[in-house]
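Sharing a structure with you now.
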Amino acid sequence: MVKPRLLVANRGEIALRIFRACRDLGIETVAVYSDADRKAPHVAAADRAVRLGPAPAAQSYLSVAAILAAAEKTGATLVHPGYGFLSENAAFARACGEVGLTFVGPPASAIEAMGSKTAARQRMAAAGVPVVPGMSAAAASAAEVERFAGEAGYPILLKASAGGGGKGMRQVDSPGEIASALDRVASEARASFADGSVYAEKLIEKPRHVEVQVIGDSRGHLVAVGERECSIQRRHQKVVEECPSPAVSAELRGRMSEAAVAAAAAVGYSSCGTVEFLLASDGAFYFLEMNTRLQVEHPVTEEVWGVDLAAEMIRVALGEPLSFSDLTPRGHAIECRIYAEDPRRGFAPSPGTISALRLPQGPGIRHDMGVEQGSVVPFDYDPMLGKLIVHAADRPAAVSRLARALEEYEIWGVETTLPLFRRLVEDEDFRAGAFDVQWLDRRLAGGFFPDRPPAPEDVFLAAVGLAAEGMDAPSASREEKASLWRRTARRDSVR
Amino acid sequence: MHGRIRLHYRGADGAREIVVAWTSSGAVVDDGGVRSEVDAVRLPDGRLSLLFADGRQVCGRVVAGRPESLVGRRGAIVRVPLADPRHRAAHTEMEASDASGEEVRALMPGRVVEVQVSEGDTVAAGALLLILEAMKMQNEIRASVAGRVSRLTASAGQAVEKGAHLVSLEVQP
Amino acid sequence: MVKPRLLVANRGEIALRIFRACRDLGIETVAVYSDADRKAPHVAAADRAVRLGPAPAAQSYLSVAAILAAAEKTGATLVHPGYGFLSENAAFARACGEVGLTFVGPPASAIEAMGSKTAARQRMAAAGVPVVPGMSAAAASAAEVERFAGEAGYPILLKASAGGGGKGMRQVDSPGEIASALDRVASEARASFADGSVYAEKLIEKPRHVEVQVIGDSRGHLVAVGERECSIQRRHQKVVEECPSPAVSAELRGRMSEAAVAAAAAVGYSSCGTVEFLLASDGAFYFLEMNTRLQVEHPVTEEVWGVDLAAEMIRVALGEPLSFSDLTPRGHAIECRIYAEDPRRGFAPSPGTISALRLPQGPGIRHDMGVEQGSVVPFDYDPMLGKLIVHAADRPAAVSRLARALEEYEIWGVETTLPLFRRLVEDEDFRAGAFDVQWLDRRLAGGFFPDRPPAPEDVFLAAVGLAAEGMDAPSASREEKASLWRRTARRDSVR
Amino acid sequence: MHGRIRLHYRGADGAREIVVAWTSSGAVVDDGGVRSEVDAVRLPDGRLSLLFADGRQVCGRVVAGRPESLVGRRGAIVRVPLADPRHRAAHTEMEASDASGEEVRALMPGRVVEVQVSEGDTVAAGALLLILEAMKMQNEIRASVAGRVSRLTASAGQAVEKGAHLVSLEVQP
């Protein structure tokens, strides 16, 4: 058998994560990079590295031709797409197969089947996976809508069949509202889309986003590895993820796991994947979509379930059977996605150079960083710097540990989302696990970052720091004092 | 001025003077009349550790700026509206600030946010000349002497390199 | 109730470990320090800090008076001794109690009972804990020795009753050797110790050092939390520890745990403690001693058993009951003690300044470091810089992960024991878990660090590095090249 | 010499010359006749990343010394017996190494391990003057010119500060 050599068609922390899995498995590694990334940590961590092209992703990390050429040049036998970029591109998965490369992911057909969201919804319904109940055709009358609502339960959502972008939608809470709401949505729909047809869907109020990790090998074994709670989102982007979900009982976990495995099996899935559900407050859950790749938030599952998903994904790609069958969860894990964004200015991107980086240590702390001190955060890609993952015996202990870790954390040079996480760990709702997918947006709209005067300790530090700086130069007779304040003891030391 | 420095605090929560004086055993900080002795050391990674007489220990990183400084402590970075009126902002330097005038240059790369003067203007000492954004901070650059703007090279929106000339002042005879 | 405030009468990584536990629990912290440690990380991490005295431990970390004064000054309510220093000093524990401080550890009487090794041995035998079989009095005749050997089994060890330091000892493998060996040891004993009395003890050949973690609360609950394998020792000093032991089955674990709890109960133990055993190749085990404190190697137990021993120790000191009852181990953990010692020069201490420090990241990696980049390692104390702990699904995966972590690890400025660990992970015996307490000393005696010529990659790096350095200064026309090579991009950045 | 540097490798595994030449796209390394092109960059943390034409990537930290350099790669630090004969060891510097002689000073704190010359000795260019231990390395300090030891301040076992004078050579007229 040819010695495996794995190319990661990605950058940042996920490339490093997969390279670490390779080293743990004794597999050689190949990095690819754009001109913005020659000095990036993922290049320095690989056994081989190949330039793809200029910084724009279309000319580098999205260039199938350049990636296949890099694989050929370096004799790679496996290609891992990471997440984002080409990870859910069925054509790429197929192209890898055509040139004899093993794509570390599901079959191209499974990517395709889940790629079309409406087709996937129908397929899931056929496979018995719960989907959000809705009328299958436009409503002919108010009575028809009332019949549907009677079955599905109120509230319902009237939607323009041709609609999109939030237009032509109306919530209906009782039968008496149906007739007038239907008229209004139909006329809005005619005005906006030149098509007055309207249908109804059950409205899931304040749902949670709960997803189930699945993994399957090439021999037909397919298992669920618990759920993740991903409701802490800003504008539909996950910000904080947890395992397990505070809203999921063992019984519900069992039912969601069954549904997730059925969903994956329906498209002939193997490798790592995630089935996303909306979880209603009444405990009902509905298929949302399936992510046919390794998720950003996979580490919380790894910590709680004691598995190495990244390594397992490579092993099953090599044709090995799943290395586990019976797993039990232990403790609670929380992941924070640390972005180079300024939470006090509407999360505007904050590219730049990481001038100082101090990472917390000790029990229950894991880092998957894509940058290090001195790294330049380029404009060109997703501004995630890396992830902090904490793990403890239960959720309250994990939240305390997260608060402690955030106190130890220091990033200078770019604005980051660390202040958001610091506010979260103080928030009563967050501490209670009481939130839904719109919760964070509501919090942010309410002014989540009050302006407080600096604490006396901060004023003291600033005063002494300024004084120390003022003292450094002027007085020669104070050389000893000045040396005390020398900022750069390490400048003289060998790096 | 040796061994003693006066700082002006101008926050939303009030304005006051803070005086820091060095003694043989550390520093004495007089914050609006309240005096505290502190043992202060610079840690190997650049942070400061302050130890108060009652045993309280405060550790953090200070990035001096004008009119605000940044303080990182317990994971949070806060702006402290404290500056040394005597002390040129960390991001600019004076050349030849003598009887004949001064030249202001950028001490690190940044961006000119706003220019408040034009060539030929006459300015008082302390007048705002321009605002320079560097290291995440807006730094007010003020005149240290009264004079006439003899040369202005900074313009709003301009990115400036380290050492770039910004403005020259000429003392009026 | 008074708000708890905990003083750690220690320094380095264990002080930081305990402070982290306090932060996780919401307890305020007090550091103490000697003149060598004003800038040490444990001082910067505490809410309060008090100078004890000059660098020598006798005048600082061993000064009971100074520590009690520091506790009084800062209003501390608890004192944690860490390990080493005053941690097994019954008088200190008692002195804390007398001034109203809660000592975070066992009752002083339990420290005392286990402090006298011979008395402890007798007490353990009385409590039914297996001890190494030996004659209770000097042998009157060869026949008496033969009788003992017949019961205990060969080989036995003849020992001068007044002996010590390895003198006056002789191994006996069969009955025929007894008479002459007895004569010889007796005459040696007369010559060396002016006392010819000799007794016999069973010789445990190539034993392992396996220890059991126990923890008890003040309400009489006392449980064992699995064992640790600590046979990788250099001159009786532990170097690498694991959990679980590759030599301990679930059945043996059960028996050792029972013995450990019996041992602790016999001295009225509460808090964290460790019962050390010699484990013979036939599966028999014998009480060695009990360490009445938190061990250096406690993290491997924490990782595998999913407990926070440091936090639990504080909780039970505050009078709370044990937070767990039924635990199950998961996976395998290995700890490396990183010392500032030069393994190629007989492990000579290598104090100095840490000029560069790069820590590995990713899944299954935990750091408990007592130093950071720029730290000065003083001459005055134990030269342990900190600990690397890896955790994975099983022992082979943990060893692979350790090898990977060591590849990522960089410490410059002082020599360290990292090269020893790198050799260990390549060693067939170590990989197989086949070792005993003398194994590492035998390996080291056999030349564990062969001189190999540098790899071509290293020569290349040196050549380009030297060339880059040579190019920096001379040529002004090569400014761009020089800037490429600028070593100190970060010098200009804010620290 | 611009753009090209000759290095001498003297290991237990043999001696050879390694020539490094810069090109517009990187460096060409000629190791005893075997030529390789490498794209070399300095990473933000000071390590070097070398990229070979066949895609191999090698990353490590180099601390230059004489007669050996230290290379840290994949967690191990190895000694490479490679030095630039032209290049003074990283730990000493020459002053006035001109026709009249040279002065050797310590460039960083260290300890004199051994002194091989006495005042008044006449030495050839390249002769071993002393061994200085600094940064974990024994550095052979050799004469760069032939001459007479006019002043010797180093003694075996002595700890020396940065900038400390070690030995002066006077060119023989």
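Think of it as A, B, C and D in the order they're written, each chain with its own count starting at 1.
One rule holds for everything that comes next: a contact is a pair of C-beta atoms (placed from the backbone, for glycine too) under 8 Å apart; a residue touches a chain by one contact, two chains touch by 3 or more.
None of these values were measured; they are calculated from a predicted model.
**Q** Count the C-beta contact pairs for A-B and for A-D, then tell me which is higher.
**A** Between the two chain pairs, A-B has more contacting C-beta pairs.
**Q** Please identify which chain has its centre, taken as the mean of its CA atoms, farthest from the centre of subunit D.
**A** A
**Q** With chain centres defined as C-alpha means, what is the inter-centre distance between subunit C and subunit D in Å?
**A** 41
**Q** Would you mind pulling out the distance in Å between where the CA atoms of subunit B average out and where those of subunit D do?
**A** Taking the average C-alpha coordinate of subunit B and of subunit D, the gap between them is 43 Å.
**Q** Using CA atom averages as chain centres, what separation in Å is found between subunit A and subunit D?
**A** The computed centroid separation for subunit A versus subunit D comes out at 50 Å.
**Q** What are the residue numbers in subunit D that touch two or more other chains?
**A** Residue numbers touching two or more other chains: 41-42, 44-46, 61, 63, 135.
**Q** Name the residues of subunit C that each touch 2 or more other chains.
**A** Residues 356, 373-374, 407, 412-413, 487-490, 494-495 of subunit C each touch two or more of the other chains.
**Q** Chain pairs that touch, all of them, please.
**A** Those chain pairs satisfying the definition are A-B, A-C, A-D, B-C, C-D.
**Q** Can you name the residues of subunit B that touch subunit C in the complex?
**A** 39, 41-47, 49, 51, 54-57, 59, 61, 63, 108, 135, 162
**Q** Would you mind writing out the residues of subunit C in touch with subunit A in their complex?
**A** Contacts found on subunit C: 16-17, 20, 23-26, 299, 302, 306-308, 310, 323-324, 330-331, 353, 355-356, 359, 361-369, 373-374, 392-393, 397, 400-401, 403-404, 407, 412-413, 487-491, 493-495.
**Q** Give every residue of subunit A touching subunit B within the complex, in rising order.
**A** For this pair, the touching residues of subunit A are 355-356, 358, 406-410, 412-413, 415, 418-419, 422, 451, 453-471, 474-475, 477-478, 481, 484-490.
**Q** Quick one: in the complex, what on subunit D touches subunit C?
**A** The contact residues of subunit D facing subunit C are 1-3, 5, 7, 9, 11-13, 18, 20, 22, 27, 29, 31, 36, 38, 40-42, 44-46, 48, 50, 58, 60-64, 69, 71-84, 86-87, 90, 135-136.
**Q** What part of subunit C is in contact with subunit B in the complex they form?
**A** Within the complex, subunit C touches subunit B at residues 30-31, 38-39, 43-50, 70, 73-74, 372-376, 492, 494-495.
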